[in-house]
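So, here come the structures, one by one.
Two complexes, one shared chain (subunit A), two partners (subunit B, subunit C).
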Partner chain A sequence: MHLIAQTLVDGLVLGGIYALSAVGFSLIFGVLHVINLSHGILVLIGAYLALIFSQALQVDPLLTLPLVMAVLFAAGYPYQRFLIQRAVNQSGLGSMLLTFGVALMLQNVMIWLFSPDMKSITPGYAFASFRVAGLTFDAVRVSALVASLVLLSCLAMLLKFSALGRVIRATAQQTMAARLCGVNVPHVYALTFAVSAAFAGAAGIVIGIILPFSPADEALWTLNAFVVVVLGGVGSPAGALIGGLLLGIVSTLTAQYIGPAFPNVTMFLLLVIMLLVRPNGLLGNAFAASR
Partner chain B sequence: MRRHHLLLVLGCAALLAAGPLALPPFYVRVGQMMLYSAALGVAWTILGGFAGYASFGHAAFIGVGAFAAGLIEVQFATLPPFLALLMGLLTGGAVCAILAAAIAYPILRLRGTFFAIAMLGVSHVCAELNNNVDALQGSLGLNFPPVAPDSVAPEAFFYELYLFAGLAVLLIAWRIRQSRFGAGLLSIREDEDTARMLGVPTERYKRAAFIISAILTGMLGVIYAHSLGYITTDSVYRDDTNLNLVVFSLLGGMGTLFGPVIGAGLLVFITQVILGRLLDFHLFATGLLLVILVLAAPGGALGFIRGWRRRRVQVPAE
Partner chain C sequence: MKRRDVLLGAATLAAPAIRSAQAQTHKTLVFGGSVPLTGAAAETGLNVNNGYLTATKYLNELLGGVEIGGEKYRIQLKLFDDASDPARATTLIQRQIDDGTDFFLGSFGSNIVLPTAAITERAHKPMVQTGGGSDAIFTRGFKYVFGMYPRATRQFAAAAALFKTLHPTPQSYSVIYTNDAFSKTAAEGVKLSCDAAGLKRLDTYELPQKPTDVSSVLGSVRSKTPDLLICVMHDEDSLLIARQMVATRTNVKLLFQGLGPQLASFRAALGKYSEALLCSTYWDESVPYKDKFFGNSKQFADYYHSKFTRPIAYHTAGAAACILTYILAMQAANSIDPKAVRDALAAADFETFYSRIKFTPQGDGDPLLMGGMVAQVQKGKLETVFPVAAKTADPIYPAPPWDKKA
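Up next is the complex of A and B:
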């Protein structure tokens, strides 16, 4: 009983982080209908930037969050506006391959800059933990989870209440109608991408403080994001949260009870079943139809 | 492909067959890689190009075929090498056919990017199971007996074998393209729902194309495993193969018969010959090539040439 509870708690903590790492991917998919295969790279850039900034400024890695998000926001806008935008109107394969090409290039650049070795960010409270009702909580993981939930709520509020959020939702629902109402669609696309990139970077920091990372991990984070989006539904922070939590619980339960080598198998079985049974994800059809 | 194209292909093949006599071993190996890639590309294009179901996970069939063949050949170690290879090919093909038939129903209901990523998942799952189920010996590795006769250098033997296999795959794909079945696949690519409404048995056609593509890929995987001599999970279930199969078609011309052949030749030439010494640069160069392709020539080399021809024909008419 205790083991199950501990596994579930670990799964939920991991799931919150999966959710944050997928929310940007989900937003881009929902609004631009682009599968951003360079998403994992954006996450890793966030992790490496946090490593550099926290060492250079001698601050806690979570405090570098605004800086990292600003850098990725600034990089994401031109990346979408001048590169991906050219492939948006081609078939889905075009933008997919374009972003994959960028991912390969950036992965190579990161190997040159940071070496292919595993790196990790260790904040001062790295080994602290506390116990509540017999369950162990790592301080690092809990702070990562809290950061994830706060950021997800911020994004949800941004989309729901701000003018920018309204324009983004309008563009996602009916691009043509939004354009007729005077929305500058390429600009909104680029802003959406920039926001998503900033959240990917934030996810990178959170991932960086709980797990070691290397440039080769990018495919893993892209795939995770895809699975989360399929499970939860496209385009909404709530969908990403549900999908992320589900993925986190499933992978820790599999690792605990079936074998540490099998989380991917159950993950993809779940993915395929989900695509067949409820292709719009658990929270369904948040924005336009996705297939 | 018309009749004189067929003659041209056979002529080229005859010329290529003489390659190992004239080329140094390094280039025979590069040629071997090109022929293998081209054959894989054509096998992929039966589903991905004709029917428009771009798979990101065909390495699953390479791996499953290779391991099925290896495991059965160990049981019959006394057979002469040629018969062992033949048995490996048949077993690999059969197991891939069964796997493809088993996953065809759920997975072919997905379309576009969802199908692509689900296939990537299939490839990862197959690799993981192969690696972790001890009976399949994925992490330990499998040995393949040498099949080349003593009088022939192994690289020349496999070069000719790939050439033969590539021709066979190309002819199969050509026959499919010419048939009613092929026309049905193209109609699925253009508009699946309309095709179905007009009476094309889309489900059956998709499934058939998927299984044929899987069998051919699996058999090529068997030959590949023999040419390596020793395989582990990592050497056959490769994500770069998964990607390259898409890139071959994209580079040469999506949906065309010769596109993957041209694309495979170009990509292998670029990565093995031009960048052969710059290993650190491979990822970057492949990525850059992808970006340039998508932005500058979305139709691939063949699409580019066709567009250029069309423009040249149209100019005097205006």
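Up next is the complex of A and C:
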């Protein structure tokens, strides 16, 4: 019983982090219909920026969240507006090829800037743990989970209650109607991408404090985001959370009861089953109802 | 003057220059190959590349080239970034063979070295490499590939010998490895060596190639705690395990991580928790070997530091030794014919600053002469603790629990 509880707790903690790492990918997919293959590199840029800022400012890496998110927001807007949108206008597959190419280029730029060596962010509580009801909690992973939940909640509230959120939802649901109502759709697309990039950067900080990272890891985080979105559904923080938690729990349960070599097997098996049985994910497309 | 006379005159005038250029071309010794400068293996790939560059620069600039068969040669490297991708590496190697390259240096990672070695083998071109230890490279009957380490299943013999000398003698071990060509065969080596040393194996854990969480494995380790926990995987994964072990207070008497603690960045990331971690190493500046090129290890390291700011690693020294090994073999063969050089490499028994070089009939390093050493982190520095002849400190055993290191 204790072992199952510990495994579930570990899975939930891991899943929360997966969820945050995927939410930006999910939002772009849901609103812009773009599969952003440079998502993983945005996550890693967040991790590297957190490392730089936390060392330069001598602060806890989680405190660099606003700064990192601001930088990625500022970079994400022109990236979508002036590059991705042009590719989208040319062809349906153009955006995939473009984001893939950008990911490759940025990976090499990062190697040039930071070297290919692994880096890690080590906050003061990196090695702390605590026990509750006989279960061991890794403090750094729990803090990462809390940060993930807070950020996902913030994004959910932004989308639901703010003027920007309303415009994003309106554009995602009925692009033509939104345009007829005077919404500047290209601007909203770019803003959506910028918000997603900012959340990818935030995920990078959270990932950076729990895992060593290097520029070569970018594909892993794009792939994980893809799986989470297929499992949970497109376009909403709730879908990303459900998909992430499911992925985390499946990973740890598989590792514990089938074998540590098999989480990827069950992960992709689940992916295939979902694509066959419920291709829109557990929560479906957040914007599909009114399309 | 007729046009034909002008051309003839020009050709006559240019003839010495052409001859000189041809002579210079003939005196250039080209080493081809690929190295992972980007992608997953780039961290160590860069160390390997720096080793190749260091030896080439030194031999060309300080020694003015090398003499083989009465002729002076300058060394030229034609190394390309394979992006840690075996498919790309094989394309690059095949293209170089088509272009006439006769001698190859190895990439890093058994998953790349194995398919590229198959290509050079088919073309009967030698490859000397410091990046592939998987048994698969040395058990397929290849005659033209040579490695600077023993094959993976033989690499753990030194560590197992060390374990037998510890007091109180460790009784049990568990092994964790990732699902990749090198780690899997290295784990086989761990099991062979430790079982032969009389240690009881409690568990074997295979992780995916790129793990993100090892909580469940560490839970099992806590419930069935071995004296020794042996991790065979690449640096980044070793760090993940060490960090999660500290955070969950998963204590064992000794943690051995095949790759990881040898890197300064790894030790810095773990801080005081890196104390007493063990790892394999194949070279450090204090090894007693000498050669006619660099003199000794210290001089090699000094020259390296004068050219590069990147910390030196044993892969760097191994890579430089690949080139020295080639030169010594060519001098022994008195030829740069690939077949003659291959035969000289197979018969090699000479000393470089890196180690005494002697290959098994299958091409991997002689396990006694080129086998690994065991190093331990002590006060933040890497100290050699085995073999006795090379040791710079006594091993700390049992290692203090994580709480005591805090």
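Definition applied: the second predicted complex is superposed on the first by the 284 of 291 C-alpha atoms of A that agree within 3 Å, B and C clash if a C-alpha of one lies under 4 Å from a C-alpha of the other, contacts with A are read in each partner's own complex, and residues count from 1 in each chain.
The working rule: a residue touches a chain if its C-beta (ideal position, glycine included) is under 8 Å from a C-beta of that chain, and two chains touch if they have at least 3 such contacts.
All of these numbers come straight from a predicted model, not from anything done at the bench.
Undergrad: Look at A:Leu113 in the shared chain and tell me whether it touches subunit B only, subunit C only, both, or neither; answer first, second, both or neither.
TA: In the superposition, A:Leu113 contacts neither subunit B nor subunit C.
Undergrad: Is A:Ile35 contacted by the first partner subunit B, the second partner subunit C, both or neither?
TA: In the superposition, A:Ile35 touches subunit B alone.
Undergrad: Look at A:Val140 in the shared chain and tell me whether it touches subunit B only, subunit C only, both, or neither; answer first, second, both or neither.
TA: So A:Val140 only meets subunit C here.
Undergrad: Can A:Val272 be said to touch subunit B (first), subunit C (second), both, or neither?
TA: Only subunit B; A:Val272 stays clear of subunit C.
Undergrad: If we overlay the two complexes on their shared chain A, which of subunit B and subunit C does A:Cys154 touch? Say first, second, both or neither.
TA: In the superposition, A:Cys154 touches no partner, neither subunit B nor subunit C.
Undergrad: Could you look at A:Ala103 and tell me whether it touches subunit B, subunit C, both or neither (first, second, both, neither)?
TA: first
Undergrad: Applying the document's definition of touch, where does A:Val59 land relative to subunit B and subunit C: first, second, both, or neither?
TA: A:Val59 contacts neither subunit B nor subunit C.
Undergrad: If we overlay the two complexes on their shared chain A, which of subunit B and subunit C does A:Ile4 touch? Say first, second, both or neither.
TA: Neither: A:Ile4 stays clear of subunit B and subunit C.
Undergrad: With both complexes superposed on chain A, which partner does A:Gly259 reach: first (subunit B), second (subunit C), both or neither?
TA: A:Gly259: touches subunit B and subunit C.
Undergrad: Please identify the positions on subunit A that touch both subunit B and subunit C, taking each partner from its own complex.
TA: 107-108, 111, 259, 261-262, 264
Undergrad: Show which residues of subunit A lie in contact with subunit C when the two form their complex.
TA: Residue positions touching the partner: 3, 6-7, 10, 14, 107-108, 111, 115-120, 122, 126-129, 136, 138-141, 210-217, 220, 251-252, 255-256, 259-264.
Undergrad: Where on subunit A is subunit B touching in the complex?
TA: 35, 83, 86-87, 90, 92-98, 100-109, 111-112, 219, 223, 226, 230, 259, 261-262, 264-265, 268-269, 271-272, 275-276, 279, 291
Undergrad: Show me the residue ranges of subunit B that touch subunit A in the complex, using the header's touch definition.
TA: Listed in rising order, the residues of subunit B that touch subunit A are 54, 106-107, 109-114, 116-118, 120-122, 124-125, 128-129, 131-132, 239, 243, 246-247, 250, 254, 280-284, 286-291, 293-295, 298.
Undergrad: Can you tell me which positions in subunit C touch subunit A when the two form their complex?
TA: Residue list for subunit C touching subunit A: 37-40, 42-43, 45-46, 84, 179, 205-208, 210-217, 219-220, 235-236, 239-240, 243-244, 246-249, 263, 265-266, 269, 271, 273, 310, 402, 406.
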